[in-house]
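Think of it as A, B, C and D in the order they're written, each chain with its own count starting at 1.
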Amino acid sequence: MGLDLRGIKIAIIGGDKRHIYLMPELIKLGATVTAVGFLPCPELEQVRLVEKVESALQDAQVLIFPMQGTDQAGNIRTYDQDVKLCFTPAMAAAIPHGALVIIGSARDFIKEWATKYCWKLLEIAEMDTIAILNAIPSAEGAIQLAMEKLPITIHGSNSFVLGFGRLGKTLARMLRGIGANTTVVARKRADLARIFEIGYRPVHCSQLHQVIAEADVIFNSVPALILDEKMLSLMRKDTLIIDLAASPGGTDFGAAKKLGINAVLAPGLPGIAAPKTSGRILAQVIPQLILREIPQDYF
Amino acid sequence: MGLDLRGIKIAIIGGDKRHIYLMPELIKLGATVTAVGFLPCPELEQVRLVEKVESALQDAQVLIFPMQGTDQAGNIRTYDQDVKLCFTPAMAAAIPHGALVIIGSARDFIKEWATKYCWKLLEIAEMDTIAILNAIPSAEGAIQLAMEKLPITIHGSNSFVLGFGRLGKTLARMLRGIGANTTVVARKRADLARIFEIGYRPVHCSQLHQVIAEADVIFNSVPALILDEKMLSLMRKDTLIIDLAASPGGTDFGAAKKLGINAVLAPGLPGIAAPKTSGRILAQVIPQLILREIPQDYF
Amino acid sequence: MGLDLRGIKIAIIGGDKRHIYLMPELIKLGATVTAVGFLPCPELEQVRLVEKVESALQDAQVLIFPMQGTDQAGNIRTYDQDVKLCFTPAMAAAIPHGALVIIGSARDFIKEWATKYCWKLLEIAEMDTIAILNAIPSAEGAIQLAMEKLPITIHGSNSFVLGFGRLGKTLARMLRGIGANTTVVARKRADLARIFEIGYRPVHCSQLHQVIAEADVIFNSVPALILDEKMLSLMRKDTLIIDLAASPGGTDFGAAKKLGINAVLAPGLPGIAAPKTSGRILAQVIPQLILREIPQDYF
Amino acid sequence: MGLDLRGIKIAIIGGDKRHIYLMPELIKLGATVTAVGFLPCPELEQVRLVEKVESALQDAQVLIFPMQGTDQAGNIRTYDQDVKLCFTPAMAAAIPHGALVIIGSARDFIKEWATKYCWKLLEIAEMDTIAILNAIPSAEGAIQLAMEKLPITIHGSNSFVLGFGRLGKTLARMLRGIGANTTVVARKRADLARIFEIGYRPVHCSQLHQVIAEADVIFNSVPALILDEKMLSLMRKDTLIIDLAASPGGTDFGAAKKLGINAVLAPGLPGIAAPKTSGRILAQVIPQLILREIPQDYF
């Protein structure tokens, strides 16, 4: 669509398969891309692959970190698992002032560094556009998982979706598209009205206990302990739980195990189930963010 | 669902066909209902129909005014068009202190009286639950109108929906359900991501002028002058406009006429197209509002 | 698609609004078109409009009669209602031998003339392609009628479709697309399996009497007396019947009237509800038929 | 629904997981069930499990063989893979005259024995009801396979379905339900009209070569060599082929391999992907067949 990244220097600091698809797109738009933590492959032919993170940081106007961010110790996921990367104070000090730092979500220490060193820090995992688009591969990954684990078809099954946010909306639509009897559980009256309008069965979360025994499969997208021991005890033993809420999920997994209920924690599916689509989503959104955040006179 | 209105005295002050369906539902839940502005009919057998508004106000704990509210002069729509009702200062003074006054939307002078006379004033037309449910009859009314006025089928037509709010969402779903090529025009990036996910063609409002000539029919739900003279001049002459935004709508009707484009202003369709469904929506929501707003010790 | 009708002489003998849309399409493909029974209008600028049917027949290689055919007396529907046309033995004798005669459906006397005078007679109303495409405007017309006559919305209504043939399939899809609880009644086990797979409620016709009281609206597409007095007596008084089967339909209209049930006979809706779409359907199919049926050396 | 199999003796001769779900259903309806080739498990508690096929045949009124039938040598698939079963002439001779023999599809030698020994032979794999219902687990299995093998989501992908029969119809519906751009390739004009009406892109098989390069994934349901070397050479290398037609499928797998195209032959998915649903389908249809085929005076 005529986005122009010519002259912009971008550093990719770790990442996963999605970034293999993202980098060629950035190059197509004119950017110069340096990456650390990747192995050479045909897709990355025009990327400058470096071994030391310092070579990547130098001159970079934009730095792209993984969607998962780092762990508490600062470790950064790399595609080439032989390369160990860590977001150290030294690395932070080496990032140019004024740089745009794009990351899925940032721990507190990264936020502090951003203030200290005057980066523009963008946490994108929860940005609406990305989160809504990422709901597509997440939902498909969840459905694939359910298909693998269920002895029955999704078609004709009683599928429950807990939560009617970005992921819940997409999941419910796909489940019904396949032919499931779709129940959506929500808390807000307005959501329940919309759920009714779309044609799913609306259930207020306060009534869930009355109908949960009907469920063949439950997809949870709410980051709160909804499926606690008491609720689990009302379920059938052959109901499958797929918990998509951010770790630790919304299920008492210990109680589920004791009760013999199969519960799977599966957050962060987009990068795994459909890395190419997920990479394209990043490639669709990130250039716009860069152009919006980097002042024109920079070039 | 076990709602209990026993002992509650409700006055219906004017209204339309929807209220014919609402009143028996209130009575079923145990309420005592008095109404002014209606003719006797089988549905209203158990309603106390009075001629003078004062007899209705007396003792009333809940007063229900029309969804349209009043005009600036205070005139109240009545089902029996021979009865003229006006919300006068005298009527205001006769409403019991502490009463719950339910109205679609209230003019400023009504709001002032509410403060002065200590009523609980509830404007319900814009309440999310009612507005979302009302989108259903509104959307169907709009589609019926389009079917009547178009020489082509909705199926296979290029249908544009302007706005992705409560009405736009429902309209788009129904249009696609019939088989239209559905384009949805919105301003927010998050809405456009959702529109893409659902499978409509997303168009940012800043790009509308580039594609508007493709439209066979345009449904506008945005209360802003989007279809101005310039935009109209880019349209085909045989495109139909159905403007559902609150009066004066989002169309320059004068310009449309000059250009020979058929544009219809059709706000407030729910009560007309499907009064029974609309009445049921009121009957579903109003009892809950009453129970929430009237303190228990009142009884 | 590169269809070429150059050099072919076509006569349009009566018809309706659909033919106003058909004729320019035939001309675009290169045909020479003569018509009788129409008034001058911008769409027909390049059509030779004649007053006497004889002038139209002369030299015609292809003759197109109305979709409704004629009545038993041979009367032909005309768009210009001041022109009276009748398919007389004299007219039959004036049609060139070897001509292609296209008609919706032909009475027996027309079939006999076809044999006697060596025309190629094509009855197209029941041709699968046309009938399936015509189901689209027919279904929309039926839904429009239901919207006009029902006090409730299609959304959330209990809509019954009798028959799962060309029209029933399209109707059921649209009704569900709008949000109806859709029940489809069929006789064949394979159809019921498909109805289940699609997600409608399947009901075998032998079980209809058990559930018919649930229906808010019934669309009949079966040309057999299904809604007889006994079945009608099991229905609610406020159920609407829209009978789309070829006259006399599948309803005992007398009994319905006695019982106070609103039953509407509405066959042949495509030409009325969406003449432009219906005209396009003819314009899409008829040129292919002509090229298939007229030997190449004819030109 | 009140089907009554009391007093009927049924023998299950081999089979797969589906039969584990089928047998308890037959017992619930009153039948006496003997099975060979299965291991004891809670579901089969009330089944008489025997080791020798002769003990199963004795007195059996109904014999149920696997859906796959036998191979050319007569080998019968067994759930307990340690048990080897073979449909020998001796076994054939031991089947009671007049017995009902139900099998997916029967080799010629079985048909000859049926005539010779006066069995009623029912081949059910191609029976419409079973084949349409089996299309559901087959389609889901195919979609699961595609999800596993594709780096992109089904949503937004260009998905092609070859064939619009029992399986193609279900596949197309589910693919679109997930959000794929769905193209359906068919040969009959009437099918193409229906494909258009439903809203998929219709492509006549003679035009497939013009658009095949657009496909991200192709699901073939036509048992004819459509994807031959020439067609494959027009495809992109990253297109996935899932061939669901009965072995040997509709793909030149050798040519695909040479061209570097990933093609998977996956017929007979229902029993694998969703054995419980598939077992329920058998349990829904087989009792009806038994009651229809076994004369009442038999009991």
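The rule is simple: contacts are C-beta pairs under 8 Å (C-beta built on N, C-alpha and C of every residue); 3 or more make two chains touch, one makes a residue touch a chain.
Bear in mind that the values here come from a model prediction, so they are computed numbers and not experimental data.
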{"item": "Co-neighbours of subunit B and subunit A - touch as defined", "value": "C, D"}
{"item": "Chain at maximum distance from subunit D, centres defined as averaged CA atoms", "value": "B"}
{"item": "Pair exhibiting more inter-chain C-beta contacts, A-C or C-D", "value": "C-D"}
{"item": "Interchain centroid distance [CA atoms averaged], subunit A/subunit C, Å", "value": "52"}
{"item": "Averaged-CA centre spacing for the pair subunit D and subunit A, given as whole angstrom", "value": "38"}
{"item": "Rounded Å distance, subunit C centre to subunit D centre (Cα mean)", "value": "39"}
{"item": "Multi-partner residues of subunit C (at least 2 other chains)", "value": "136, 155, 173, 179, 197"}
{"item": "Complex interface listing, subunit A residues touching subunit C", "value": "155, 179, 197, 199"}
{"item": "Residues of subunit B that touch subunit A when the two form their complex", "value": "128-129, 132-133, 135-136, 169-170, 173, 189-190, 192-194, 196-198"}
{"item": "Of subunit D, residues touching subunit A in the complex", "value": "17, 136-137, 140-141, 143-144, 147-148, 150-156, 173-174, 176-179, 273-277, 280"}
